[in-house]
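Read from first to last, the chains carry the letters A, B, C, D and E; within each, the first residue is number 1.
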Amino acid sequence: MHTPLLKTLLTERGSQVFLGVLIVTAILVPLLNLAVPADSALHVSTYTVTLLGKYLCYALLAIAVDLVWGYCGILSLGHTAFFALGGYAMGMYLMRQIGTRGVYGDPVLPDFMVFLNWSELPWYWHGFDMFWFAMLMVVLAPGALAYVFGWFAFRSRVTGVYLSIITQALTFALLLAFFRNEMGFGGNNGLTDFKDLLGFDLQADATRIGLFLATAFALGGGYVACRAIAASRAGRVIRAIRDAEGRARFIGYRVESYKLWLWTFSAVLAGIAGALYVPQVGIINPGEFAPINAIEIVIWVAVGGRGTLYGAVLGALVVNYAKTWFTGAFPEVWLYALGALFVLVTLFLPQGIVGLLARARKTA
Amino acid sequence: MTARLHRPPGRTVAHLMLWCWALLLASGLQVAAAQAPGDTHHAEQVAQLATAGFGEKERIVDALLEARHPQTRMLLAAFLDGRLASRKSDGKVFITEDADDGVALVDPVDASAAGTAKSSALRKIGTNNRLRKKLKGAIALFDLDDADAGVRLAAVDEMLRELDATTVSALRTRLGVEDSARVRRALEVGLALADLSSPDAEVRLAAVGTLEGELGTAVYNRLKTLERDEPDARVRDAALSGLRHIDQWRRFYGGVETLFFGLSLGSVLVLAAIGLAITFGVMGVINMAHGELMMIGAYTAYVMQLLLPQHTTLAVLLAVPAAFLVSGLVGVGIERGIVRFLYGRPLETLLATFGLSLILQQAVRSIFSPLNRSVATPEFMSGSWQINEVFSLTWNRLYIVIFALLVFALLQLVLNKTSLGLKVRAVSQNREMARALGVRSARVDAMTFGLGAGVAGVAGVALSQLTNVGPNLGQSYIVDSFMVVVFGGVGNLWGTLIGGMSLGVVNKLLEPWSGAVMAKILVLVFLILFIQRRPRGLFPHKGRAAEGH
Amino acid sequence: ADTIKVGVLHSLSGTMAISETTLKDTVLMMVDEQNKKGGLLGKKLEAVVVDPASNWPLFAEKARELLAKDKVDVVFGCWTSVSRKSVLPVFEELNGLLFYPVQYEGEESSKNVFYTGAAPNQQAIPAVDYLMNDLEVERWVLAGTDYVYPRTTNKILEAYLKAKGVAADDIMINYTPFGHSDWQSIVSDIKKFGSAGKKTAVVSTINGDANVPFYKELANQQISAEDIPVVAFSVGEEELAGLDTGPLVGHLAAWNYFMSIDTPANEAAIANWHAFIKNDERTFNDPMEATVIGFNLWAKAVEKAKTTEVDKVSDAIIGLEVPNLTGGTAKMLANHHLTKPVFIGEIRDDGQLDVVWQTEGEVPGDAWSDFLDGSKDIEADWVTLKCGNYNTKTKKCSGQNY
Amino acid sequence: MKLPAALETFADREHVFEFMARGSRVPRLDVSHNVILYLEDITVAFDGFRALNDLTLYVDAGELRCIIGPNGAGKTTMMDVITGKTRPDSGSAWFGQTIDLLQLDEPEIAAAGIGRKFQKPTVFTEHSVFENLELAMAGDKRVWRILFAKLTPAQIERIESVLETIGLKDQRDARAGSLSHGQKQWLEIGMLLMQDPQLLLVDEPVAGMTPQETERTAELLLGLAGKHSVVVVEHDMAFVRSIARKVTVLHEGSVLAEGSLDEVQNNAKVVEVYLGE
Amino acid sequence: MSDQGESHMLSIRGLNQFYGGSHILWDIDLDIPRGSVTCLMGRNGMGKTTLLKCVMGLLPAATGEIRLGEDDLRKRPAEARATLGVGYVPQGREIFPRLTVEENLKLSLLAGRAKPGALDRIYETFPVLRQMTKRRGGDLSGGQQQQLAIGRALLLDPQLLILDEPCEGIQPNIVHDIGELILRLNREQGLTVLLVEQKLPFARRVASEFRILDKGRLVASSAIAGLTDDIVRKHLTV
């Protein structure tokens, strides 16, 4: 309980398993993709690598949500906003990388601007041709938005559903704003047609492997960081705030700064997840802001098991894999299956899948 | 030609036209079965309609008008309504009537019944926009002499759209014999409008005087050109002051209209949210399937209409209780089957009901197909209430505002004045203790959830009158519904009403100024800022109870 | 492989399911028919259906799944532009073949995509010509949903109208969000705009779900087609089936196909469709015809190339012709677009549309609009230039991903 | 420039960035006049009902003060005012010479040295008993400090000794939510001890305790007095008798009587409204 | 035993209760004589509240039998027990915070057991409630809430009244009044009372019987006169 982080990670069963599996995957997948011939049964196709990379991004996003929800009781329905902002920052960099290779061949303006007769680059697009700047923005854009939003909301003591709903309003407003073509982010079509990242061709297998590894690394790092926070004394304060916010104030904790800090950190994680997501799926469009997506993230976390982090990862993987599989295998009726999955998990696995595993371990 | 037009109509003709108007053709035909001299010419023209192109058809209409055969009014009306067809076998033209066994045919020359036919054996004689416009004008010429003042007024209004020598002289003649004050006024306005083109400045001045107090667009546009082109300063000034007057009223009514738009948007929001105010606000179930319960209500309206295809009004009226029952029962099912295991775990209700909403959506796709369904608007809800020339309210919106208020009042009554309401509130605040005091909480829970679901269903019926009835109906309202409930203050029905209405009005006030998209964004931003000021909504629970401890 | 696999990439759930499900059924019908005729190259066709669920990244994922995992020979799919944009890189990377059946904003020509719907010059411009010449419209409302297709179309139209001498004051442009459902103020504004004494028309690029409330509001505010006709580019038989069309009679739509057009081919296609879907009430519409044409062209090209290999089929298909359902022929052009007839129809009270005007013969689809500054100089030609975006000024082929 | 109304309210709330620069706002406690708490003319009204009515009360440093009074007299409300939970409509509240309580919010007041036990026991139900005490422990409670803080052996020892005092050693690792009512009472007292505040506000500490536990509580509070100032609200007169030096009787939101227990017990009005026969 | 059953208002046999893994009540056999005021005592955390909740049906009994007179209570849910005439004043008051005082009371009337005029009698007993009929229950002071909770239970017109530390937080003169009230109801209406109380003087004053729980077991039961200092020392002090 009061042991150092490393020990916590090594002794805690869930963390052990999670980090172990992650490391093994990160080593095996590239090997099986690059080194094993395509016709071998062991070969992992690039399709699978890309898919896994995408899942891992979702997993990181789920961790970010679980951190604020599971540990601090802030049910965020707005994390898609941070995810998408991170994604847009990356997307803008990738757009600028296209350079003269766009369909209109304009050296500066992305295609959609030429197309809408824009004559010069809007100010907020400047700097995105530099990788470091774009990466800074990946962190800063969601972080700053979260900070400002949280600063207002937490000091006004907005809590519970009220907070959830204004986070939803936030992402909804951004959704509408980004849909507007005047915003200069490509409107509904968003940003697409990316060519390369730091000079690496996005369609090359090696680049995909690289992105996959980067994502796995980010997920591992994010996990360890979140775990560290949760295991620290601040983690206990945060959980105390979740359970009895008022009481925590009366023993002298400045609840809003704890929340703000955790919230901003979580938003940054979400932003990083978004930035890794975009080059792997090849498009970022305002649809990513959709409030319904935010609700889905919450559901991943709940399905996996809230307040455990690895549960969130598990939930994200299970639900998304189910989606991939169902939409291919039973395209006409898969919503029944997914819906039923959610209902059954709630009814029979109150602690999510992780709870089931824990129970199984106890009885075994 | 004009001379003949001015002949006072015979009794038979007047009768006939009345009947036509009421679409009771069959009986009207008996009365009109007289032979008239122009029959052959008339018949020739009619026969040509079968093969004519649109341009030709216009010419034929002109010719028919000129001949002024007694059956012309009936023929034109049928033509306008799309009830003119030619028989495929022999190319003969008939007026058609829906009948039990196919289509009843009516001879357009002598208005006699001409047997029946299968609709596949007929080819409809089409119209297009130009032609329909022409037909309306032509019919108005007839209707100017109708016995019903309302019909005459409509005819005058129709003619005011485009004034030419024929119409002006028709109006002038009618003015001589007109006895209804309203129609007289309309005729005078029409003539004054015509007089504005008079070369005589005095006549024009007098005409501007006559038009004083009128707000109509025809008048406005005419004054506008006058103000621009008029050589005579006096006339120009008069026109200018007339314009100012109209502008003033337009602004005023524009404001009233915006307010109404806001309230009507607001009542849609209220309707969508108010069921949620119960399931979520009172019971604390984060009911993501709320939208789908509305969708079920809307589909109930659709099914009602399938069951009663001939009685649109009745179908919609019956759909309200039916939707309440259907959605309510589904709600009870959801509560008994799922939600009751989740009390005390509100966030898990989100997960389960979200899953449920996916299932319900897909179920509707499976049963009704993914396509949108059409729910017809009953007569009493279509069109608008023209309060004056520049201001009208659409009936459906008006009814929906009233309906929303009604639903609100009923719910308020149930929750605050009945013992059920007391039990509902007690159970939602402390289930265990309520049971210890003898409240059958399981029943109360089921009924409460059923009530919320039923109200959602009723809202669905209202929505079916405004928008798509399709599998996505629920999704498009769920976010808004939660926002309204939260904005108003969870658990407070008044909050939902005032919250929904004010969001609607704010949205509509912003819209003309910022455009629809920005208005929506601004409303969301407003909501976020508002919650900073009042972190527990518009009408928060006050006192110690709300804060805990 | 012992079968030829046909991928179907249309949303069966989510917001786009309303439109796209029908297209999935259309492809299945075509596969079915082809198999009855003995398949292709002696092999049976096999449809592989997936559901990208109206989710754009999922479109890319599913496209990859179809191409890499299921190894399909051809894909019919997508409706929205963004879904096409999302799968485009995947098709180019894995060298797949996509037939895209919906009218769109143009400004694209990919080596791996065949566009069987209308380009702007095959829908919008003829419609405006009709309004201007036949209905003598002088004042214009360009109303659309705020995304690329309406923006582009309206831009083209604005330029076109101004070139025809319409004053800026006489053009009103309005954009609304997706799924906009409260049209009261906008319709009221249109009404006011249209009551200035000049003949006014609305050119609507309003998309999808938003149309039903829009038309309902038009009807309720008693704007009839004789006063202010609305010509729509996204409203066809299927959309009208979800509407009470009584009050809408006379409003217009511009398409390359109408179900009501009386030709033997059309009658047969509709009969087939009804037999396949087992419902005589179902409508047939323009994107369905585009799917049928696309499928027929592909089948013909496969037979000509004697293989399903993408490159060979792509080469073979250019210049091939198949009959339209409404008469005339659809020819695949070197820019991967089709020649198409353009019809203007008026809405009837039974939800069908009556043709009131049509172009003489077919209009060739133009990938790059002549009315937009950026694209005036760009040309697509996959035969001689081997390029989808060839700039005639700089003599460069830009924007290719391979 | 005129800001829109909504923005204005954000702009003119003074303590911008307060949680970045905290600490500086709270002056040191100064009890040089030997009075630790000044409440003057405090009025609190709820929807027109005056729960506190011009209440004036002083508490000396190191004093143990009992406050009694009928249900609804305003005792809890008074504590709410002192701890920043309720803002009075008028009046002033000072902690020592320098600290204006009405300018501070709850965590600042707690940090300044006022601890409170609630009438209805409130503990962190999902935390263990040990963690509850750890959370309450005095010290720097800013995010960054706490994030990297480790419990020192001395601190652990302190927690263990408090566990001993409150008799929950066996429940050390039990979930606080699973404690019985009386155990929660003890735990809350323990948390108060951990906070080590200058002024303890104790609302009905012995409700639900056995007579013997009551005695122990009395001893505990007596032991605290002197070094700390203690304000106890209680209805158990036996308990009050065992600890009381000075007693204040509240009634209808203001002080009805003050003095030694005997004095107030013999006050006819107090007998009438509160003690009964 | 069975011959005594008639005279017992409540009899419990072999009751066991668990929270999760921990065994809280062990084989409780307990009888409450009809017309008695029985005081249940025991240190903190010994399982008194748990026992009462089992009787009330708010916790399902793991094993054992609970009878109210002739009725087997185990088959009945809590709400049915209330309508059978078991009134419950829980520890911690459990007022409906957002119902007004009046509504809190009216809810009991809905059970349909109260005689006409009962509400007025409650207001007479607790005059402070009458002053505050329109105030939200949650806003009342702790003591006021306690009075409301007792009033609410009495409005069920119970045959068995269960009180879990009813005097907690109540001012002395009203504590006295509550004692009087219990005695009066017991005397005049034959109301059987099961009371959990820690304060010996009060217990001695109102109770006719006592039972002691220690670590979840019933360790003593007799008439109140038998509550010797010895027993107190053994079971009620730490």
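Throughout what follows, a residue touches a chain if its C-beta (ideal position, glycine included) is under 8 Å from a C-beta of that chain, and two chains touch if they have at least 3 such contacts.
These numbers come from a predicted model, not from an experiment.
Peer 1: Chains touching chain B and chain D alike, please list them.
Peer 2: Neighbours common to chain B and chain D are A, E.
Peer 1: Moving only to chains each one touches, count the minimum steps from chain C until you reach chain E.
Peer 2: 2
Peer 1: What chain sits nearest the middle when you go by CA atom centres?
Peer 2: If one averages C-alpha positions chain by chain, the most central is A.
Peer 1: Compared with chain D, which chain's mean CA position is the farthest off?
Peer 2: Here the answer is chain C, farthest from chain D.
Peer 1: Find the geometric centre of each of chain A and chain B from their Cα atoms only, then give the gap between the two centres in Å, rounded to an integer.
Peer 2: 45
Peer 1: Averaging over Cα atoms per chain, report the distance between chain A and chain E in Å.
Peer 2: About 53 Å, centre to centre.
Peer 1: Taking each chain's centre as its mean C-alpha position, how far apart are chain D and chain E in Å?
Peer 2: Comparing mean C-alpha positions, chain E is 31 Å from chain D.
Peer 1: Among the residues of chain D, pick out those that touch two or more other chains and give their numbers.
Peer 2: In chain D, 10, 46, 85, 120, 122 touch at least two other chains.
Peer 1: Mind pulling the residue numbers of chain B that touch at least two other chains?
Peer 2: 361-362, 475, 517, 520, 532-533, 543, 547-549
Peer 1: Would you pick out the residues of chain A that each touch at least 2 other chains?
Peer 2: Residues 152, 176, 179-180, 244, 246-247, 335 of chain A each touch two or more of the other chains.
Peer 1: If we count contacts the way the header does, which residues on chain E are in touch with chain D in the complex?
Peer 2: Interface residues on the chain E side: 19, 43-46, 49, 91-92, 128, 135, 139-144, 146-147, 165, 168-177, 198-201, 236-238.
Peer 1: Using the touch rule from the top, collect the residues of chain B that touch chain C in their complex.
Peer 2: Chain B residues touching chain C: 54, 82, 126, 128-130, 132-133, 136, 217, 220-222, 224-225, 257-258, 261, 264-265, 268, 361-362, 365, 369-377, 382-384, 392, 394-397, 465-472, 475-476, 507-508, 511-512, 515-517, 520.
Peer 1: Over in the complex, which chain B residues touch chain E? Could you list them?
Peer 2: Residues in contact with chain E: 419, 422-423, 425-426, 429-430, 432-441, 491, 541, 543-546.
Peer 1: Using the touch definition up top, name the residues of chain E that touch chain B in the complex.
Peer 2: 56-58, 77-79, 82-83, 88, 90, 94, 96-99, 103, 106-108, 110-111, 113, 136-139, 152-153, 156
Peer 1: Using the touch rule from the top, collect the residues of chain C that touch chain A in their complex.
Peer 2: Against chain A, the touching part of chain C is residues 12-13, 49-53, 55-58, 60-62, 64-65, 68-69, 80-82, 85-86, 88-90, 93, 107-108, 146-148, 151-152, 155, 177-178, 372-375, 378, 388-389, 391, 394, 396, 398-401.
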